[in-house]
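Below is one structure, written out as structure tokens; the observations come after it.
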């Protein structure tokens, strides 16, 4: 196989430093892209994988500087080209697609024009021929009604279609090389799978050399031919995909692989009495129209949800963005008014309680949010943050006792009492999320609502937080309502699963039952897009 | 000596105390400290801050007022002490009588003779029409042709004094701060410059009018310096009056939403729909009518002018809160959605506590940015308002009044340029320093620019 | 869209009522008609009879809000508030304290104001955008830093200096155009050049600096990276992508001012002797003619509210994401 390798792009010993401080961001990265193959560059945030691609295309921001290395596309040495020659390489020979298509597309230009711009820059196509070519490209990447979509603005398209427009734009001039930087990260799982399928197909049909940058091992598993793992600016391991997944050399690679779901082991379901019981809960947002802004309709964010969470049990609420799962969490916390149905906690009705009447329940129901960076006041110390609930809910502790408790909690979440005087910005995302756990535990709750607590974290850290949550459950018998879009973390934490779509629960049951024998087509679709390692 | 405490004096010292406490408290927070560190680690930050502090220092020295005791008239033996009707400030003392050397009318910088011809008698008693010699310039010269040499030698002498004073003042700073991570040397250079300049000005003013005199014969350099207090006070007091209104309304609108928000939005839309200058003009005129109809409230003329000045600060403050209020409302709306406020709700934290612990500390940067930004625009606005006739009382020194008075001077032949230049120069230096400093503060504190820097 | 505009117009009513109440309070409650008469008549002639006569002549001899002596509807209409404030809603401005018809004055004086303000506004924006674009092209170089310093310095100069300096240099020293004055036919442009020039130059500092920030903010957006990856040149990116997007914030700041151009500029008009609404207001302030000030406040707020509605409409045109409802 080595003899016939058709190398399209070669990156050699690329070094990049921070211009101000001289800190090395890339420490000599080399890789080759082969025609018709997908090369996956895997790493967590800050590992330097995006910098590699931007440096290769000479698109680094001013603060970063290339000190060494060479990039060849075919015979061309990119680093010896003038800027205007470089512009003929970008988009024509090497095309790029980016993570968040919504922001990566110009919001005030029609998508048709944006794709046409690439063609105008590099070809002589003009007028009707240009338009037809764009429509044809739209058709090729699977955009419905391509002629009509030409005049649409990005915001009028769905996330998946936006990413397809990006791909059409990238492929417009028939490039040899495609650099895809986290192309599916911002998409819902079902859409994610479709976009990856499109990239795979185009790679084969057009003999593209693809550099796929991602943090998601599932994407790598399902898509790539060759894998390189990046860690702190270096490629620490490189192998073809089969070898890599069955026989990783580095411990770090093993950790990344372990983050893939194991759909063979489940938490055994053990429901006793119901701690939280929802019956036909509805949350509505008014829609106003007309001169007088009368309420003409409501958006049914949560539309009749019933579920039951037992003591010491984890209930995972799964759904894609906009399914109403977070709204439901907020409604249980009484942060959102409930339009109908009943919320019972320990058998008592708690919806529509006033601020004062709700206070005793605030001790028992706590919450952990998705974004650890915004869920802590940057101007308070960690100690103050943890103490806040104890103070306002009147746990009756003396200041000394409180300090001792804070120290205890911090130790319990593997940080240590000395961290109490520090401020949130001194911590990493994973550490902050552990502090959030400590804050929730401080008032000894019976139920913690975890709203996507791991989705902002890197995969290797994700596992640590999940392990911590599970341990705490065994220790304190606390229940979790675990809101997530990520099916792959369910086996390791949940006893019961509910799948939510358009404000309704379409299917619920034990974790094992849902993940192995899904009944509803939507659940099946979700499950199909979850990557797994076949034993 | 009898101290006089004007309302504006009391307010300015109160303001200093408040600011000191405010910044002291801010120091506790490491992020704020870090951002101030960003501001002061640039040389430009140090330089502009030193310049601003010089102006503030002058303003403070000019806010310590007293009335001099008069010597008993001859032949009158009484225990009672009479006080001068004129109010003097600490600054006047430091300037060593610069403001008391009046001429009859205009004179050019460093001139020995008046600008306008007068009828007078020559040595032989004949009536001639010529430029009369000035009363307080060049009296010590025997021969007018030696003036240039005299100025140079006096300047060198003053410069030596200036360097000596600088050395005395800078030595302790150097001992304390020489190992500091901040570029204090930039500040020291400016300090030396400022000290030498003022020593020179004060010393040479005893012999000449450095910037000439105006129509009433008053020393222009002195008047320009007296304008500092007015400018600095107006820039800080107005903002200070506006802050509580804007913050209270903005935070409550953004936090409580609903009808509170509607009311606040209605208030600021209404207020901002009125042309600002008309509202200010009308209010000032109305207040002037009030002062005129109630002359008994003010014992000396300066108090009347002071009352009008404070009224102007109030009016500027009350009419200008809408834009800050809008900013704070938007920021509060944003913060209320953030996880930490939601978490506080989930902990049952009371509204008062959420507002004081979570919302307020996180909008402080907006308040700070507005404070430094508004400072310079208010100083510029004062000049315009005084020109229109609704600004500072004409008896109170201000740059706007100087410019207003000098309006027709440029059309004279030969041109009288010094009054205008004096006022504009002193104003320009302060406004420029404030603008540059506010740019740095905004870069450091505005999350948008801050995040852009950290990405890069 | 139509429903939206109608709603905004309805919202305008309480705001205008508020404006009226506020000015009314200022002019008649804080400062009673007696005080006004006293200051208009001058100290020498103040006698109770003279004050009463002045009040009758100018229509201030009625109660403020409720006339208890009249019957029915008259008790509301025969008051100062109704006659002096509410009539403004019908664009009935009445007469100034010196007896001139305000409506006539306003309708003749707004054209000279517009003749100065509109060119200053349009040319000013155009120049500022051009200067800012040029600076942005040299972003992060020494040139950029010095340009910003220059902008800040220009901003720090008093507006009065620009006017005085412009008059001194262009009109007096170089004798290119008349120092001041205005007449409505023939070579009117000779009187307009200098005020427009001064208006434009005085605005460059703050304007160009603001636009530069807007452009740089857009230059950091993701779609600019996409355009670079397409192989577009920096010029194409600047004009094809950054400029159209930056137009959105530019419009918010700028469109709201357009109706208010009728009001003219107080300073420019008084220095250059242009008989517009700006100098009209200034004269009214100086002669303490509250009838004119009140009318101008009302006109000013209507124009401002109109500007707000215009801003929202211009949004839908510049930003396809915005739909009014």
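Per-chain numbering from 1; labels A, B and C assigned in written order.
By definition in this document, a residue touches a chain if its C-beta (ideal position, glycine included) is under 8 Å from a C-beta of that chain, and two chains touch if they have at least 3 such contacts.
Computed from a predicted model, the values in this text were never measured in an experiment.
Shared contact partners of chain A and chain B comprise C. Of the two chain pairs considered here, A-C and B-C, the higher C-beta contact count falls to B-C. For chain B, the chain with the farthest CA centroid is A. The mean-CA centres of chain A and chain B are about 53 angstrom from one another, to the nearest whole unit.
Computed from the mean C-alpha positions, the centre of chain A lies at a distance of 49 Å from the centre of chain C.
Separating the CA-averaged centres of chain B and chain C is a span of 28 Å. Residue positions of chain A touching 2 or more other chains: 62. Contact of a single residue of chain B with at least two other chains is seen at positions 455. Partner chain A is touched in their complex by these residues of chain C: 3, 6-7, 10, 140, 221-223, 225-233, 236, 240-241, 244-245, 248, 318-321, 325.
On chain B, the positions that touch chain A within their shared complex are 29-31, 338-340, 342-350, 353, 357-358, 361-362, 455-456. If you check the complex, the residues on chain A that touch chain B are 61-64, 330, 333, 335, 355, 358-359, 362, 365-367, 369-371, 374-380, 385, 388-389, 392-393, 423, 425, 436, 439, 443. Across the complex, chain A meets chain C through its residues 57, 59, 62, 84, 87-92, 95-96, 98, 100, 103-109, 117-118, 121-122, 153, 155, 166, 169, 289-293. Residues 266, 269-275, 277-279, 281-283, 285-286, 289-290, 292-293, 376, 380, 383-384, 387-390, 403, 407, 410-411, 415, 420, 424, 427-428, 431-432, 434-436, 439, 448, 452, 455 of chain B touch chain C in their complex.
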